[in-house]
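Heads up, the thing below is written out as structure tokens.
Naming follows writing order (A, B, C and D), and every chain is counted from residue 1.
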């Protein structure tokens, strides 16, 4: 029964991918990061993974892409484990801003210049600077190890993408030096940036993304490993941040019309974490993680086709936290 | 069994009210609204109402207070019913801002000056201007009738509070004239302000507040009336807005650490809407509405003791949408 | 000799008016004030008046137009005489902003919300509110009497323009209510606005404007009346404000490339005050006042042809305070 | 006759230095630059130099100090000579801002992020990046050579001050990377910063400062060398900038109450350029340059005693451009 049901659902999901793929034409690949600009804008892929290792996937599922801003959720969780919540919250707030992800204005206009949340670049750079480790390499290894626990395989940094971003990271350098000046950076600027830009360049496919989402959805508990990878409180906090700030300055509309904790990246990645209680009537009644990839993004930075696909899925399957 | 359980829980709730009442000393009654400044800052009350008409309440539950910003949720829902979602969303966005509730900056700094969300004053005034009706009185009657359906009794405007706010509404007038100038007001300024300030002055007790919360929690369906008072989609949207923008510029922290859709007012009111799926392990497994009153507010505008009480309750009862 | 010289210069000035008149096509009449939108955009006129009653004029010199923002200099001087400099400076600063004339942002972003200077609308409304008088009419009479002393004839308010602006003054009302809220308004909002909008609607021709400029250039001393109409210190202060803030957010460029104290209005009026020491080599070696009218304005609010004409004149005649 | 007059004036000037020296107590040495923090806050010195090599000086006139922001005027003039005015003005505007000297907000809030003027740090860094030269050293040599022509002796960079600022230049680095990102930097960030911070660390005494002021006052013409060192138009522009933006965000008040083109530095330096036509009744009727040093600065960055001394001098000697 379950299998049949799943098969028919799988069929539907495959159809939805093709239905929403053409919407990519309303967006374009991030052009300010050379290595991203060359991607095929019409690609679209999705993976949905439940706790009993059940997965549905469709579209360009073997395609590799970089985490970009999706990594911000991962390092935030890691920093909370590493330093403890009070230490982290002293250096980064958890308030949404309504501003673009690379905005610098609030660092000056609000005293004492504490970044507003870990999902905008300023806050994410601060978070990366907090990770323990004596070198950027050690910090990156720590991130990769944490991801390995979640996705079940060793991921790696796409050096070409990293180099591409490193060369053109002037705006992020500006943010980082500002943070350093106001005391909200925990290590030298170039170290923090190296960690930050390398974490952004970690390569995954949609199934990996879905696995990360599943552990977050599951309050930090890994259902296959049967291990609590991070505290429930941190997982709840991460999901709250994904809802209030996860989809750049369209987070409000995403919450209002889709209603799931999600985090996007300018690579076209979207990670969603669907707790069991928010998907009781879906084919994944025990919750799931969702990974989506569609490199054509809108002016705000979210995958055009990816958001449409996720909205359709959430509506059809009645997945909503509200 | 249920009753005994409830009784012991009721006892706990009463204890928590007394435990958190002293925190009021860390806040003070809103002093810029003369009629609110005279309230007893040490008052604290809570009501929790479930769909089977089961209520727990404790503290100063007979005390009457005004809705203030809590009314913003009500009029937003009403405007959506009245005008349809597209009409409303053309005139007010649903993005959080990180700014104070009475901020005017974004109306100038972001083109075309559309207010960012209906939970800040600018957006709420726009919403009030959209309500259909040929006079402020007719619009207020419509709001009161809508509330009557939810709480089961006729509420009324506290004229003294209204007059008090009307006389000192310079900042709100400034916002309203700005909105009028940029085309985001649907009726004359003075009419919109009269509606807005009268809705803020509607008087309730914590049980009334809890009933409103219950209907919102219940996706617009009134469990006693067995009627769908407003569409499910509007209810979900309202809850999303409460999470991203409901607790002024502490909404992010509230979502992060409490995790419930809620809306506060400077009168010290807090309305929370707890969907059933977010309270599966609580004494209210079918969901509930929560009304809290504690007039001593913090610098951001939220009831000091009220927030602490709600946080404790949510933690103890494992109520959380994330 | 002087007469011949003057005649040849007069001839030149007439030629310049025709030379620069076509530049009006690069601008347009202020369209947000209905009564201004109907003006003939190709009109251009200039009057230059020296202390010995010598005047050169050319172009549409009989055309009447309203003072608009040029009135801000006049009421600032009057308020200083009326209330004394310390009183005035406690309520309005004298710093340039780089912002548009009707900007509201700084009233919120800078504590305590004191308007930055009397040449932007916020500051000018505060100044108008400070004028003594028991009614708007009395205050306007005071302004008209002060102007009469300078120009030698009774001026009057163009009621049509006033009514036109009064009906559409939403942005100015927004500014005024904001100022009232933060304590920087000295009389009720509607009174301050009536005075402000009526002073803006006072009608003059270019010769009148030049006479006002002459008295300011002359440090407050009226050369024909042989009377000190206002203190030298106030005149210096007014000229400094005209240089730092007089030409809206093009004041810096105007000072840099023209180098004369000047104030413009959206009616296309420009008033310049040329002290004797800044015009030693010009046909007006004892200084002069300049009035220009060219209703086609640029996006910033300055007369397109008027600025070009004034720049040419200042360059040719070597008039520059720097 | 002249000598006697001068002697009595000299006597007066010496008295004024002692009269205003105690006001230093209302300020303090810039504490964010370690090498400046150690200065004796009670020092005060002035030099006034006229075109016939006549100098009056008083106070701690042998004290050496660094130019800091005063250097911004010098490099702006040099860049205009080097690149031509159109090239320079394409990269930096000439509008005052009302913001603090190190503000970054406008680079984001105003498109396309062109710095508002060359007297704030953002604009000054852009200017330094424009200087021709294949290395920072070559650019600095060019600045030193230009200064040598004006002051008649080879100046040098205080390496200790430079190193001190270089180590702590996070805010300036933030500005520079932002400018690089938006295309308003003409050379690599570290090069531009090295030039900028070295020009800030050039060491002078008050007589040197007065000589620079004299050449600017004199429209670029060096009276002793009898050479036009830079074009008159550039000199006028520099003086206009000093008036609208020279004294940080107190420039408006300085112009209003002192009325002279001046530029200050956080070292406590003030440079004033008094054109002959603005000092007709002073002991320097052919104009003069003024150099002042008083290291105790106010919160805005201007020498407390220095401003008071200059105001007194300007008032007593009737020096004012307005």
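Basically, a contact is a pair of C-beta atoms (placed from the backbone, for glycine too) under 8 Å apart; a residue touches a chain by one contact, two chains touch by 3 or more.
Since we're looking at a predicted model, the values are computed, not measured.
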item: Chains contacting each of subunit B and subunit D, listed by label; value: A, C
item: Furthest chain, CA centroid comparison against subunit A; value: C
item: Subunit A and subunit C, separation of their C-alpha mean positions in angstrom; value: 56
item: Subunit A-subunit B separation of Cα centroids, rounded to whole Å; value: 31
item: Distance between the centres, which are taken as Cα means, of subunit C and subunit B, whole angstrom; value: 49
item: Numbers and ranges of subunit D residues touching at least 2 other chains; value: 109
item: Chain-level touch network, classified as line, ring, star, complete or other; value: ring
item: Subunit C partner contacts - residues on subunit D that touch it in the complex; value: 93-99, 106, 116-117, 235-237, 239-241, 243-245, 249-253, 255-257, 259, 261, 275, 277-278, 280, 320-322
item: Residue numbers on subunit D that touch subunit A, as the complex places them; value: 103-105, 107-109, 170-171, 173-178, 180-181, 189
